[in-house]
Amino acid sequence: MLHDLFTPSVQHALDLVGIFVFAISGALLAVRRNFDVFGMAVLAEITALGGGLLRDLVIGAVPPAAFTDLGYFSMPLVATALVFFLHPQVERIQNAVNVFDAAGLGLFCVTGTTKAYAYGLGLTSSVVLGLATAVGGGVLRDVLANEVPSLLRWDRDLYAVPALVGASIVALCIRFDALNALTSTLAVVTAFVLRLLAMRFHWRAPRAWNRRSAAEEGPEA
Amino acid sequence: MLHDLFTPSVQHALDLVGIFVFAISGALLAVRRNFDVFGMAVLAEITALGGGLLRDLVIGAVPPAAFTDLGYFSMPLVATALVFFLHPQVERIQNAVNVFDAAGLGLFCVTGTTKAYAYGLGLTSSVVLGLATAVGGGVLRDVLANEVPSLLRWDRDLYAVPALVGASIVALCIRFDALNALTSTLAVVTAFVLRLLAMRFHWRAPRAWNRRSAAEEGPEA
Amino acid sequence: MLHDLFTPSVQHALDLVGIFVFAISGALLAVRRNFDVFGMAVLAEITALGGGLLRDLVIGAVPPAAFTDLGYFSMPLVATALVFFLHPQVERIQNAVNVFDAAGLGLFCVTGTTKAYAYGLGLTSSVVLGLATAVGGGVLRDVLANEVPSLLRWDRDLYAVPALVGASIVALCIRFDALNALTSTLAVVTAFVLRLLAMRFHWRAPRAWNRRSAAEEGPEA
């Protein structure tokens, strides 16, 4: 079946790693926002599982995977416990966390695109859902924490673009009937490396031209 | 079929216009919030397609139309490009944009109500979903931009009421077996004109009576 | 059928009471945030029905109950009218409202868990959805009002824990084949009393250990 790119156990292990590192980023934000331990768990769960949940609702895969696999549900609780007890140490290895987060981003954009296509969506829609799988959890995390989603802010290093590239590679491979474990891995690695480069060199996307007028209030702002 | 009020091509063209103008409002808000070009595209897509997406999830029409029609998906990208390159010019014609937005509002409240009814919901629920189709994208836009939804603010001209009136006219027509291209157009135009009048004369809805106590903190605010 | 714990009419009456008090809390927040009467109605509806709506989307029960039962839809409008005309009086009986809200919390965590299990989810997932049913509406309310969800804040009395305990009791009863009207009532009452005690004695959950570093900005905050 198309969805099983890797052997099921490898796929599952990779999913759990991605979920875990996304959950760490949710729990860390919860600490920064001064939430209690339950707030940390909620934010960790939603950051880790929110993107896949959105995808599954859209493609009609109910109940979503997040609710049928106890492992998916448990990893964010482990991440919460870790951050709860070892918060300063986890903060200190923020760079390592960012590397894992980039790996999760690469992985989820590929599995998200593949799953959406397996459920009958077109290639473009599958790419959009792959992107949504990868970045949706982080957007929900920021919305719940009452912050402007870091995905949308111009002063953050590129995050959506690496995922978009990874998802597009998958779509191209499907289009030319070349999707297999090797090309999937290539797509994951491409997104992963692009994100690492974006962080290393602070790649950013441009803002609208001639924004000066934005500072003035429009007549019906 | 009930859902095809107009000929399919007319319906589709009107949908695309509505999506386009809603997307413009999303892209403009993204510029005001200083988002980068990808943030603009995300906000444009969600503003334009979010209301219909919510409706389709609720009525079980998965995958939602937003993911099966490439035209729906492309219009917000066109709107993003336009705002990206011509932001001051688009701001300057804000009044024209508002008129188109009112047209989108009128159109979506009618098609939303009709589609919900076609999927077997009751008349009242269909009206609610028609309203949600028309205003849901704007609410998601404001939530993502970390602003109080302008739909909820008392200091904005009436927005939900025109859509509610349009949706209710459709429900009444269905109830009395009089829904056709003519009455549908009438409902669209009514909502459209009401919104224009609300903007022209700054119609606003009342707030709760005796709000003074709201300024004081309750015991368990 | 498992879902009918109580006689249908008793169940329905209890649901309406829970919806009503949740709607009151939404309408009161709308007044504090200075929304107009339509904003009040929107916030009341979403607070009261949002949790069940999320649950129904996840378990695939579409259209959700909120859209098939006119009573569910009407109660928030009654609550809105009440708060609109009698806002100071309702504020003054905030303590009574809190008691009813605790009752709604207890009720919804039990019915949410039971309904999720009836739709085929596992016990753990059912508990999570029971919790989501009970607290989801309040989270959506706070997100729409552009506030940090009170569920997540450490300086609020325990809210999720009583619901989690109630949902877990239901899951244990299902596991040991002991779910009936009596044990369900017991679960409702336990969650209700725990929430009352949490408010009375200001029970709070701990925050992460050694948070001091949270005050300093991380290298890539």
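By letter and in written order, the chains are A, B and C; residue numbering begins at 1 in each of them.
Note that contacts are C-beta pairs under 8 Å (C-beta built on N, C-alpha and C of every residue); 3 or more make two chains touch, one makes a residue touch a chain.
Predicted model only: the values in this text are computed from it and were never measured.
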Rigid-body rotation angle, chain C and chain B, from Cα fit (steps of 5°): 120
Numbering shared by both copies at the chain C-chain A contact, with half separating same from different: different
Distance from chain C to chain A - Cα centre to Cα centre, in angstrom: 28
For chain B, residues that touch 2 or more chains besides their own: 57, 143, 146
Complex contact set, residues of chain A against chain B: 57-60, 119-122, 124-125, 128-129, 139, 143, 146-149, 151-154, 160-161, 204-214, 218-221
Complex interface listing, chain A residues touching chain C: 30-40, 42-43, 53, 57, 62-64, 67-68, 70, 73, 83-85, 87-88, 91, 94-95, 98, 143-146, 199
